[in-house]
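Two complexes are shown next, each including chain A; its partner changes from chain B in the first to chain C in the second.
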Partner chain A sequence: MRITQGTFSFLPDFTDEQISAQVQYCLDNGWALNFEYTDDPHPRNTYWEMWGIPLFDIADAAGVMMELAACRKVHAGTNYIRMTAFDSSHGWESIRLSMITDRPAHEPGFMVERQEQAGRRIAYTTRAYVTTRPAGERYT
Partner chain B sequence: MNDLTDTKAIPEKSRYSAGVMEYKKMGYWEPDYVPKVTDVIALFRVTPQEGVDPEEASAAIAGESSTATWTVVWTDRLTACDKYRAKCYRVDPVPNTTDQYFAWIAYDIDLFEGGSIANLTASIIGNVFGFKAVKALRLEDMHIPVAYLKTFQGPATGVVVERERMDKFGRPLLGATTKPKLGLSGRNYGRVVYEGLKGGLDFMKDDENINSQPFMHWRDRFLYVMEAVNKAQAETGEVKGHYLNVTAGTMEEMYARAEFAKELGSIIIMIDLVIGYTAIQSMALWARKNDMILHLHRAGNSTYSRQKNHGMNFRVICKWMRMAGVDHIHAGTVVGKLEGDPLMIKGFYDTLLGENVPANLQHGLFFDQDWASLNKCMPVASGGIHAGQMHQLIHHLGEDVVLQFGGGTIGHPMGIQAGATANRVALEAIIQARNEGRDYLAEGPEILAAAARWCSPLRAALDTWKGVTFDYASTDTADFVPTATAS
Partner chain C sequence: MTISTPSNSPPTDAASDPAIDLAVQDVVPESVDLAEEFESSGVREVMEELDKTLIGLAPVKQRIRETAALLLVDRARKRFGLAHSVPTLHMSFTGNPGTGKTTVALRMADLLHRLGYVRKGHLVTVTRDDLVGQYIGHTAPKTKDMIKKAMGGVLFIDEAYYLYRPENERDYGQEAIEILLQAMENDRDDLVVILAGYADRMDRFFNSNPGFRSRVAHHIDFPDYSDAELQQISELMVTEQNYEFSDKALTAMAEYINLRRKQSHFANARSIRNAIDRMRLRQANRLFQANAGPVGRKDLITLEEGDVRASRVFTGGLDSDAKPILPSAED
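So, the complex of A and B:
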């Protein structure tokens, strides 16, 4: 399966040129970009690991793409990598765009665990198959 | 008969002689009045009865929506009545009409109970709409002072936190209303929900009249829907939701349904506008307390918001509902099957989403409105829209909106999942193009056609609904149009 978190997951994976165009759009809006990675793709895993702090002071797309290249060197293939744009303006002060740039070659997906309860109720747990293995050994 | 051009209120002694007196002379017409920053201001479109002076009709509205009755009462003199009288301070003819006038009326903040839409509206729209001196009356807009806004909770969740909870950024959210809206069993209903969510929608939705009927009782619906939501979440790795409509005959029953939705792990519930302002505020408080997103379906609004000369403009409902505390409200599509002039809808969206919204007569906004950091309320576009209009939808509505394709998802020839996928692919393709700086409005059909080359569900959607438009004249349109400048 293909997890479809992020702004563009229903489109074919972006080329570097296409990612760079999105970077430029974010920079033009004054947003700070950050790369994050994880090997726990649960939809409520909010805090992916940060690749350094957000790039508040990098003003050109090429610089941002160099950071992505550096992050990929360490984490591509074994982790999902996403690019997140932060808008600090009043009234928003949160994320404006969040897109997956890299994903593992094989995505096993999730299972639903159902715990039957009284009155036909079911307590649901979404569990990623990969998380039965320790962090760092999930997509190797 | 008194001289209608004499606008001065008359001296204290004769002002309170028993009998009937023109409202203008009782202190409800004060053309020199400068509204205080704490005043609530209402703008009415007044159509006086023939022979009735517009200023007198407007003063009567000020009177009847504040302290006055039809005759002089001496008991006014026991009160600080000058403060409590609403003051009509300006009356202008409506452009391009012969019998309509805009009346500006200011109300002292002490006339209203804090945090109560019911109290505010009991004054502003309580009595005056049946008043004989006017042939028709419409509440066009209101200015709510910051001091009064701060007595309201505002949206329980707000656009930013909703996006954070949903983990969805940078694009409109996608939804669909389950169809047929009546008759499906709980099991069949959940099927539609699962297919739509798995195919790529973020939300599915109960319709306004799905409550608890013989073909499907509410508990059954809630249980099957949550199975669908959880299964779709696991199939996609994305947070999904379904607006469970908790509308019911009593508050007790609505709370019971909302609690059950919470116990089942739903992230969002839904109510209808017809439950009334107080019930809406109560549900908004409940939603804030229980970390629940609150969707409002505007069922019933067109009975009073559509005709231009009588009732109230929908932008006022938008203001009241943002104050009352809902997170979502249906606010028009421009291109779909329901009423919606593009300029008017821009005004609604700005009212729901803005922080400091400047007056803009072309958009129907008569007042600057500082929203005093109340949360933003997400507009919902629903009714007769399809994937082939995606570039137009994003152009008119922006990205902070829920686009709901009901027929445009469920009516897809390859099935509901394919319908959902077509919409999601179309949406992401247009957002990508927009961010790349392309002229996505002009190039929209090409952008969609390019995506349809690798996405067969989108290709089928474009073929099926090619050329479907709803091109009727709007009834609710701007009174002010830009003047062409000589060049």
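So, the complex of A and C:
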């Protein structure tokens, strides 16, 4: 099941050229790019691991793409990678754009667990199939 | 490290826009008017500004003109679908202190931007301590960081020879050099590296790092300024700051330049700039001390002969002065 979160996630995966164009858009707006990765696809998992430190003071997308290439070298295939663009201007001081750039080749999806409670009430929870395996071995 | 951005954005970003490039390739033009290209790309403006604001430096301007011509012709060739490889644009600027290396580097970034060879046209100025780390494993991220910042623009490495310190075999400079060389080769389309420094030391640096010599295509030597050129520069600097020399001060300035050149620590235009700064100081002091009623616009902008002549240079300079009153290096 394809994970859809962040911008453009209902579209086919972007090519490097398309990612680069988005990066340039962010840079032109004065936002700082940042790369993050995780192997836990649960939608409530909002805090992903940071790849290095946020990329401040970069003028051109090529510099950011260098960092993405370095991140991919380590994590592509075994992790989701997303880029986030941080707007530091007053009043925002927050993420303005978030987009998944890389995903594992096979995404098994989620199962629903039902828990019977007192008075025949049922509590539902979702669990990603991959998380039954330990972190770091989920998409190998 | 400093980042300078070009003062005005060029009129033709179209050159680097892939969508327009595609459209152009479909229709192969019959002919390309190079003069028209020269106008429309804004290169002419840069060249004219170069001529107007940079005094002397004839060989440098000649090289810049040649480079611009090459890039323009290359762009025209591209329109016809002729084979073109992105020319290597890494440069080395050698010359004595104060001969305008940094100023020209900034112009170069602007020029390359107008021609569409760098996308952003900003200049990132770095020295050894921006690139080389303090402990093992610190250098590579630092250097890569700077390269990332310079992507799409020009990386200007001032006093580049300090990167290489043969006397200390555990120096991390070599690591920075290797990463730079790699970036200069692989990211040729995204990055232009300009190395600058004093001629003799740069020669030694290139000799001990043959990789650099072969990757740097353009070696530009900055000559020292002549006395007449320095005089022009001083007038230009004074005008830029909204001052002017009185007639007598002008003659005094000519003498000053002549004398200053023979004394130690002479740094061409930089010496002149410092001298003018000190003259302003003396002028302000004079106006204050004279206390001769209200001062007019004329008084405020005129540098008098006395302001020039008070310099230590006229009494033999730094070396002859036993008791330095001002803690200034050059006066």
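FYI, the second predicted complex is superposed on the first by the 136 of 140 C-alpha atoms of A that agree within 3 Å, B and C clash if a C-alpha of one lies under 4 Å from a C-alpha of the other, contacts with A are read in each partner's own complex, and residues count from 1 in each chain.
Here is the rule we go by: a residue touches a chain if its C-beta (ideal position, glycine included) is under 8 Å from a C-beta of that chain, and two chains touch if they have at least 3 such contacts.
What you are looking at is a predicted structure, and each value in this text was computed from that prediction instead of being measured.
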Joint occupancy of chain A by chain B and chain C, clash or fit: fit
First, second, both or neither for A:50, with chain B first and chain C second: neither
Contacts of A:67 with chain B and chain C, given as first, second, both or neither: second
Which superposed partner A:135 touches (first chain B, second chain C, both, neither): neither
Comparison of chain B and chain C by chain A residues contacted: B
Distance of closest approach, chain C and chain B, by C-alpha atoms in Å: 10
Contact set on chain B toward chain A in their complex: 160, 163-164, 167, 169-171, 200, 223, 226-227, 230-231, 233-239, 263-265, 355, 373, 376, 421, 424-425, 428-429, 431-432, 435-437, 451, 454
Chain A contact footprint on chain C (complex, rising order): 3, 5, 119-120, 122, 144, 147-153, 187, 190-191
In the complex, chain A residues that touch chain C: 55, 57-64, 66-67
Residue numbers on chain A that touch chain B, as the complex places them: 1, 3-5, 7-12, 18, 21-22, 25, 41-44, 46, 85, 90-99, 109-112, 120-124, 126, 128
